[in-house]
Amino acid sequence: MTTALKAPPLGPILDDIVRSHRPQREAGSVPANIPFLGAVPFDRFGIAVATASGEVFSSGDAEVPFSIQSISKVFTLAMALQGDRSGSLWSRVLREPSGTSFNSLVQLEVEHGIPRNPFINAGALVVTDHLMKETPDAATRLLRFLATQAASTGAYIDEAAAAGELAGSSRNLALAHFLKDFGNLQQTAESVVENYVRQCSIMMTCVELARAGLFLARNGQGTHGTVVSASEAKRIGSIMLTCGMYDAAGEFAYRVGLPGKSGVGGGILVIVPGVCAICVWSPRLDAKGNSLAGTAALADLSDLTGWSVF
Amino acid sequence: MTTALKAPPLGPILDDIVRSHRPQREAGSVPANIPFLGAVPFDRFGIAVATASGEVFSSGDAEVPFSIQSISKVFTLAMALQGDRSGSLWSRVLREPSGTSFNSLVQLEVEHGIPRNPFINAGALVVTDHLMKETPDAATRLLRFLATQAASTGAYIDEAAAAGELAGSSRNLALAHFLKDFGNLQQTAESVVENYVRQCSIMMTCVELARAGLFLARNGQGTHGTVVSASEAKRIGSIMLTCGMYDAAGEFAYRVGLPGKSGVGGGILVIVPGVCAICVWSPRLDAKGNSLAGTAALADLSDLTGWSVF
Amino acid sequence: MTTALKAPPLGPILDDIVRSHRPQREAGSVPANIPFLGAVPFDRFGIAVATASGEVFSSGDAEVPFSIQSISKVFTLAMALQGDRSGSLWSRVLREPSGTSFNSLVQLEVEHGIPRNPFINAGALVVTDHLMKETPDAATRLLRFLATQAASTGAYIDEAAAAGELAGSSRNLALAHFLKDFGNLQQTAESVVENYVRQCSIMMTCVELARAGLFLARNGQGTHGTVVSASEAKRIGSIMLTCGMYDAAGEFAYRVGLPGKSGVGGGILVIVPGVCAICVWSPRLDAKGNSLAGTAALADLSDLTGWSVF
Amino acid sequence: MTTALKAPPLGPILDDIVRSHRPQREAGSVPANIPFLGAVPFDRFGIAVATASGEVFSSGDAEVPFSIQSISKVFTLAMALQGDRSGSLWSRVLREPSGTSFNSLVQLEVEHGIPRNPFINAGALVVTDHLMKETPDAATRLLRFLATQAASTGAYIDEAAAAGELAGSSRNLALAHFLKDFGNLQQTAESVVENYVRQCSIMMTCVELARAGLFLARNGQGTHGTVVSASEAKRIGSIMLTCGMYDAAGEFAYRVGLPGKSGVGGGILVIVPGVCAICVWSPRLDAKGNSLAGTAALADLSDLTGWSVF
């Protein structure tokens, strides 16, 4: 159980975390299919904590923009649930952990085109397709949403990076056409993948992302009022905990004990319900695709603060 | 975030839960391969809450013994971790959600005999094998452990039921021999399955199970001192949340938001960290093998009390 | 063992076959994703035998053009092997049966983008990609090849049908993008699928197809000289026998005992090594996608003539 | 097409084959789970051809007994078909290639306990179970059958080897219990596996096996009359061609072009319909579990004699 935040000396703690976890030498990997991510210096490390009471603490490269990649999936899911009074999204995507990453296409085939959850790529494509019904340029809509929540105009879509990433998106195109074959995509496969890649190519800083995710720690209440209902906020948290870290969701729940969502840009967004939103960033990845230094830092932070949902 | 337990009128709430959820007509299914479970009247429904402060509230058939089945896996895991200073158990079983139930044998084959988590049958067989190294009669050891934690001598192994269940254990024998083939079983396949089935055939009441599980809500502190460390208690909770409800773990986390473990006898054990342990029981199951009325009751209880880890 | 063709009264036998097997009522199915195929009257039935000595026997609707669909794969494979002195095709596609049809994408994922054989769709896409290196319009090249071998100018690409089929080609596009992701496609996914669909949309008659396939029964010797070497002809036959009938290859080998290749247009091309090539056509399909009446007719013909490789 | 046997100088050809293919140095592997097979000297190589006209040619270690292992499956299948007037065997096992060996348990799970063909282990266990209905000691019945067909009393069950192999039969026990779980096994899992292993442990020479298999080349006519009908003989041949060489059936059909069945003891039985039965033996295996030198020798022999069904 998370203990209340009794004025912990968060500033010094974050400085310590940066000192301990900023990579001293090149370790971990970068995504083979997204070349520009490999160009980020390996020793980048930033962390920011936005508290429910409105404060922001940060340390390291917390003001350096990075590619949010799959962290975008948390926000597109929230946006899709906002406009989904009838719950129709949940007839198109499940809320179950996906098991081994090996299963990506296997699972889709066995379960007839219904992705296991909104955070695997197939599920995120369905969410994007869902958003595009109302707003064809779903990526720009997401950018505005993030700017509003982060109370910052700094975020932007790196269109050149998106174009580069799109050129290496054969697997996502395969998934999209496969979803189409099962009747679970309404827009064209190409347009959905393009929007999806542009969402992933949004550039933000740790401070901005921590702020943008704060509504999930405050029962759905964002910077300017309700983003999602309290119960939807809880539910997004449960999906983050069970599905947010690719095939290491169980390991992350075990070590950190908090709902999180990682991206292959090296960022991880973590929610401490009722307390704060945390964003950590360091570009090199472990074998499961999660930030190597970021994951270790979060385990440490959880131990130091006692933050855990268990 | 779980709010503190401000003297909620738990007695009346549980009575209401029983009134609303006790099955009025036959619905749901019983396990085809364990005939005696089908003989339990469909309208049985009990609930008990054991609080961290030592109180026990209950309603309905909370004092009627039922077959704990897979709920036993929570306790064998705790026992295995007690004696596993070196962490050797975690080289034999993972801590990740298992994806589709369809994957049971597929997963084992793809991942070379390492079960995805300790709560799928293959994983529980490995845990039992681990316990048998020290105590060949692991089932009797489990019974003593449960009696101590529940502060009750009522629990017993239904040996006749176990013998019947053993006769229909072909799939578990297949799993055990398969684990053996991968070198991940030290005892004979037959002896491990026999112990496993006898553990599942333990008969307990809701009140006893809620009491027995209380250490998981109290940082590992049981009736007579430390059962597991605070960090192990948290970790068992994280495994329950991500893997405790068969292939409906995500759905349960989404609806109830609490770590839980179900059994095909119709029981579900749920932990509210820092607050209480809950046991609900009703014998008829949904398509995923979880108690139909029990799951609905827990969703209601979570809404009424605000208990949730998210 | 095939007995030599001792002037069997082939004409009357084929007439009998047509009388026995022409569908009297609507049974079987048509492919859901290729609408125009469903418009063909269910009672069409034709058969033609082109003998090694140069005679052609036929009966029923043997002169009615139909959509050759996957029968095209036999000929694109032959064309690819013609120009493949170095054997480079076989580093991109295997020669093994594919097991369950369920495996289509599973197999590709597990075996890292190398299709099991040239007759499953993924394999045929690789063969088409291979041909396109030299001839971007591989479909037109195939059409010319078939016209030459059949000594007929009747064959044509039904471009309207191809366009319609292309619109429903999401699964083939998924396969092509997936192959691309594994680096096993050189042309664009879209261009390969377009060529593939146009190859499938070639319209030919039973008589033309039997003639066109005759080189496979004559050690590779076609109408105007060598098409493939004797050893390549034998090898194509072995691939037809083990992989030619979708997931019913074993059943077909068991019932008919001859190398065959079917298409969802209802045609089946069969080779009797040293003796003849047979083409049968009837549009309605069994559950595995092979012509219902055509398969039954071939089993009968094999019994009546003693033709079998076993 | 197989050409008639025009007094080819078979003796000298076989001597050449032995000279070319007898291993000069240790290469290939031995089965990890059957230790005694590894003790056979790597340079053993024998070959025998039993012709339809009654002659036997042989060379090399053709009179040295070896463990027939899975070659036994051809003969148990023939025995099961003998007594299976109603075709009930084919409701319990399919006749389709099995795809990747990886699929062994996957396939069984996906297809609800019906093995893909009688030559994968699961299928052979079903065949053995089928035989045991009439003859509990199916292995001894097989031995008598083989002795009769081979016209030799030399064959014997190596009971010590069988006992050793049984101790390492966890995977077969897993398969048997899994079949039992699906209701596709009538005897106990243990007794079926024991019989199966004893069948595999029969010791025979190349000469004996070639003679024993001759009925398959002679339309089902064995040493003392009809063994199976002509049509059953053809059908067993078709199953050998499509499923006889583990996951290399397609490759073998492509290179050799004849129905064959291999065993991990290093033997391969091949049928030339109408002409002869061939047995080659050399103990070291390729990556697919087929005799390394044996497969190469058969490809050579097929080229030298023109024997091929295509």
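Lettered A, B, C and D in written order, each chain numbered from 1.
Here, contacts are C-beta pairs under 8 Å (C-beta built on N, C-alpha and C of every residue); 3 or more make two chains touch, one makes a residue touch a chain.
These figures come from a predicted structure and were not determined experimentally.
Among the remaining chains, not one touches chain C and also chain D. One copy, chain A, sits rotated relative to the other, chain C; on C-alpha atoms the angle is 180 degrees to the nearest 5. Chain centres here are Cα means. That of chain B falls 48 Å from that of chain D. Distance between chain B and chain C, defined via averaged C-alpha coordinates, is recorded as 55 Å. Centre-to-centre separation of chain A and chain B, using mean CA positions: 32 Å. Shared contact sites, meaning residues of chain D that touch two or more other chains, fall at 102.
The set of touching chain pairs reads A-B, A-C, B-D, C-D, using the touch definition from the header. On the side of chain A, the complex with chain C involves touching residues 102, 104-106, 108-109, 170-171, 173-178, 180-181, 189. Chain C makes touch with chain D in their complex at residues 1-2, 94-100, 102-103, 107, 110-111, 116-117, 233-235, 237-239, 241-243, 247-251, 253-254, 257, 259, 273-275, 308-310.
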